[in-house]
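Below is one structure; the comments refer to it alone.
Should a chain be cited, it is by its letter among A, B, C and D, assigned in written order, with residues numbered from 1 in that chain.
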Amino acid sequence: MYSEKVMDHFTNPRNVGEMADADGVGTEGNPVCGDMMKIFIKVKDDKITEAKFQTFGCGAAIAVSSIVTEMAQGLTLDEALKITKASLAEALDGLPPQKMHCSNLGADALRKAIEDYKSKQGK
Amino acid sequence: MKKIYMDHVATNPLHPEVLDAMMPYFKEEYGNPLSLYEAGMNARNAIENARESTASLIHAKSREIIFTASGAESNNFALKGIAYALQNKGKHLIVSKMEHHSVLNTARFLEKQGFAVTYLPLDKYGLVNPADVEKAITDETILISIIHASPEIGTIQPINEIGQIARGKGILMHTDSVSSVGNIPVDVDSLNVDLMSFAAHQFYGPKGAGALYIKEGTRVVPLIYGGIQENGRRAGTENVPAIVGMGKAAELATRDLQKRIDHVKPFRDSIIEHALNIENLFLTGHSEQRLPGHASFIVDFIEGEAMLMLLAGKGIACASGSACSSRALKASPVLISIGIPAHQAQGSVVFTIGEDTSQEDIDYFNETFQAVIKRLREISPFTKGWEGTEDSACTVKK
Amino acid sequence: MKKIYMDHVATNPLHPEVLDAMMPYFKEEYGNPLSLYEAGMNARNAIENARESTASLIHAKSREIIFTASGAESNNFALKGIAYALQNKGKHLIVSKMEHHSVLNTARFLEKQGFAVTYLPLDKYGLVNPADVEKAITDETILISIIHASPEIGTIQPINEIGQIARGKGILMHTDSVSSVGNIPVDVDSLNVDLMSFAAHQFYGPKGAGALYIKEGTRVVPLIYGGIQENGRRAGTENVPAIVGMGKAAELATRDLQKRIDHVKPFRDSIIEHALNIENLFLTGHSEQRLPGHASFIVDFIEGEAMLMLLAGKGIACASGSACSSRALKASPVLISIGIPAHQAQGSVVFTIGEDTSQEDIDYFNETFQAVIKRLREISPFTKGWEGTEDSACTVKK
Amino acid sequence: MYSEKVMDHFTNPRNVGEMADADGVGTEGNPVCGDMMKIFIKVKDDKITEAKFQTFGCGAAIAVSSIVTEMAQGLTLDEALKITKASLAEALDGLPPQKMHCSNLGADALRKAIEDYKSKQGK
């Protein structure tokens, strides 16, 4: 059902955990619906230097969280905002159709984390 | 890698003796059972022997057994068969909120055709209250259909009591015994039922073979019309090997039932005991009135499909009632009906064991289950409570 | 004793390659195809491969194939599925007098539920006249269902022409192709049909596996409600080995179809040629538009079951449409519909051959058939005519 | 389906054929219904000395015809009249239920043959 890449990111998720001193935090989803994703970022010079996540959700949700944090690191905020559901699915070598939309909250959570950072900066 | 099959309530491996019994009917004995020549007559005899063994398993008479192709077909047949047979008498049916989709969706179809259906509530253990059945009965009621045992939470319903109420009022009673027949003693007479669905793949028989028990003298309209197979009540060239396999599986189940129960029950208890040591985890369903090989839990703060996938990675095959593990992307209605909030229902996980399960398997499982929970909780944003969870209804995002 | 199976139109032996393909799914691959673990996923892939091969055999798309458990189920599904889906559009169906019981009796059930059904007549060769179809269509007509080929008299209907009429009027068209698919080239597009029933046991596949082709975009109400198997259109734990077997049988049939036709046709012609040398014997059905392995006759002055029994005594398995050879004790309605008087219909006998039939078998058969007729005619009170036969309707004596 | 006795009488029927000089002939059944039986008897001193048959019908009908002619030979007319469907079925070690009534015309055909003989005798 899942690609090897999904299985890899699900069984060995990168960047797991809380970030006490995050510059931005974004939460998307709701456990009532089966998935909730929390993304923490550190930002320096408009670039994401570090990203971590905590996720409640299915295998796809965890893999998406893992890859979005991996992809975000090193990007400028503007570049990071261009990450989409589609680009995450592509980076994972595809997601099953029913997972495409319901567990693929990574881009939204990242966007919220960036917005959180920006609002804290008063930008 | 170790492979431990813990999804026996979904389907089961074929018993090797069952396959052996089926083989001749794939090879030499291919004749049409309705025909007059020898190969056909051998097939016919084999079917009647299988009917006898299948009847014995539930203490019925062999002419009360109609072979079908699945538990779902039997359920559809029972509900529609009685509804159409008795529609002039009344148009009200009673079912419970624990029913399998094959009963529920048939009930919904009948609602569209002008029937009324009452869906009885469940208590927190999943039990139907016989008093609720009694209250739901009207002059229009023609059929009560209550599942015997839940594949999701293992709870066994008080069918005999409900059947007694039905009989007292002269109303027909059907039970979906797909997950109970072959796993616990089942006797159609002491259960007071007029119809009962069951399926061979639940007791080491083949897929493609089910049965509907229809008490002598009960009129049902066929679901599958056609020739005179199954006494004109279910048409189609008989699936002789599958029927023979069901008969053999029934024979083995009759013989080994107690042994099988004695085998799985201590394992089930060990799973439950070990699991309950884990924090923020609870048993779903009734602790006593439950299937002997069935252990089901809610694990807080993590999601069922993720558990399934990690366990599968460790060689353990099991099931979940979480939204993400179902293709309909909806948490199990049974979990919701026993009062589990939707976010907790996401942490559902179900383990069902069988005669192939060993002590070693259980030891490995107990260890692995704990490790998997620990791992997923490390990833989860929740640790001590469901802070921030909106208690809103969730619509599937498309 | 020699054993010659000449009842291929009833059911067929399993091809050894088909059984080989099925075996792993009886043994290792027993998982539930809906599940997320490995064994389940292998089963699911196997089902989808089988769907692909099955679709290819009739030139359909694989998502247009719904697996069922029999030809009879497919026919019930098609008629009820369309009737309930379109009942708000109209309540009239058209079928022919050649239909199999699984269509006829479903049509009768629908009549009881308030639908109207037209039963089209047959000419003396068993053909439906497309002009009659056109005349029978009303504003209320929602479905036309005509059998593709008769298992009793071998006649092949002009489905493409009838389908064209249906399509022209925007009416759905179903054909029961159980006796044709795997025996003659079948292409759903050139036949202009929206639904088509067929069964694996008719082309060396397993019993317990059938299919309904449903043209993309056609809405049908399920016959068997329940889970989401078969895209929610046909519930029940999938009979994986049978489905895999159907796929393999379809693959072989696609590959070998012409070879099989070339094999049986000369044998069929030899049977017919030899038989027609016998006095007071005639072919039933069309001489050209007929199934390639199908030879059917009326033998005057003797009765079908007696022929069957004597032939069985000589190792030849075949069928008859006589009253005594049917359990309903009624002569075949198809024979009556093509104008054969009831007393002559008693002399019906049907021989259907297959890829296992040899020239030696045919030689033996031709000799034996002649001898059996001679023997029974020696016993018969009739020799030259039906003197003393009352032309009254016969009610079954009970 | 059929007993060995039925199969024996069907495959090797006794007393087949027309009897040109019969003392009594009885016909029962109708080919429209699938069975017609014609029984011929010779009678001497109120006893059936010979019986023959011609039958159009299924295996059961032929076996019944065969056994009824065999049983009738040597009986007095009164004894022969006591032959019933049940006694014929019993003599054949049973008949399938659906054949019990529809193809078991032997007793009736024999009775008609006896009546024919009697009426010819003016009795």
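As a working rule, contacts are C-beta pairs under 8 Å (C-beta built on N, C-alpha and C of every residue); 3 or more make two chains touch, one makes a residue touch a chain.
This one's a predicted model, so the numbers in the text were calculated from it and none came from an experiment.
Computed centre separation for the pair chain B/chain C is 34 angstrom, with centres defined by C-alpha atoms. One simple way to say how far apart two chains are is to compare their mean CA positions; for chain B and chain D this gives 57 Å. Chain A and chain B have Cα centroids separated by 40 Å.
Touching of two or more other chains is recorded for residues 36, 305, 309, 325, 327 of chain B.
Residue positions of chain A in touch with at least two other chains are not found.
The touch graph of these protein chains is an open line.
Two chains count as a pair here when they touch; such pairs are A-B, B-C, C-D. Looking at the complex, you find that chain C touches chain D at residues 301-306, 309-310, 313, 322-325, 327, 329, 331, 341-343, 346, 378-382, 386, 388-394, 396-398.
Of all residues in chain C, those touching chain B in their complex are 5, 7, 10-14, 19, 22, 26-27, 30-32, 34-40, 69-73, 75-76, 84, 100-102, 105-106, 108-109, 113, 199, 201, 206-208, 210, 221-228, 235-242, 305, 308-309, 312, 317-319, 325, 327-328. Of all the residues in chain D, the ones that touch chain C in their complex are 2, 7, 10-11, 13, 16-18, 27, 30-36, 38, 54-62, 98-99, 101-103.
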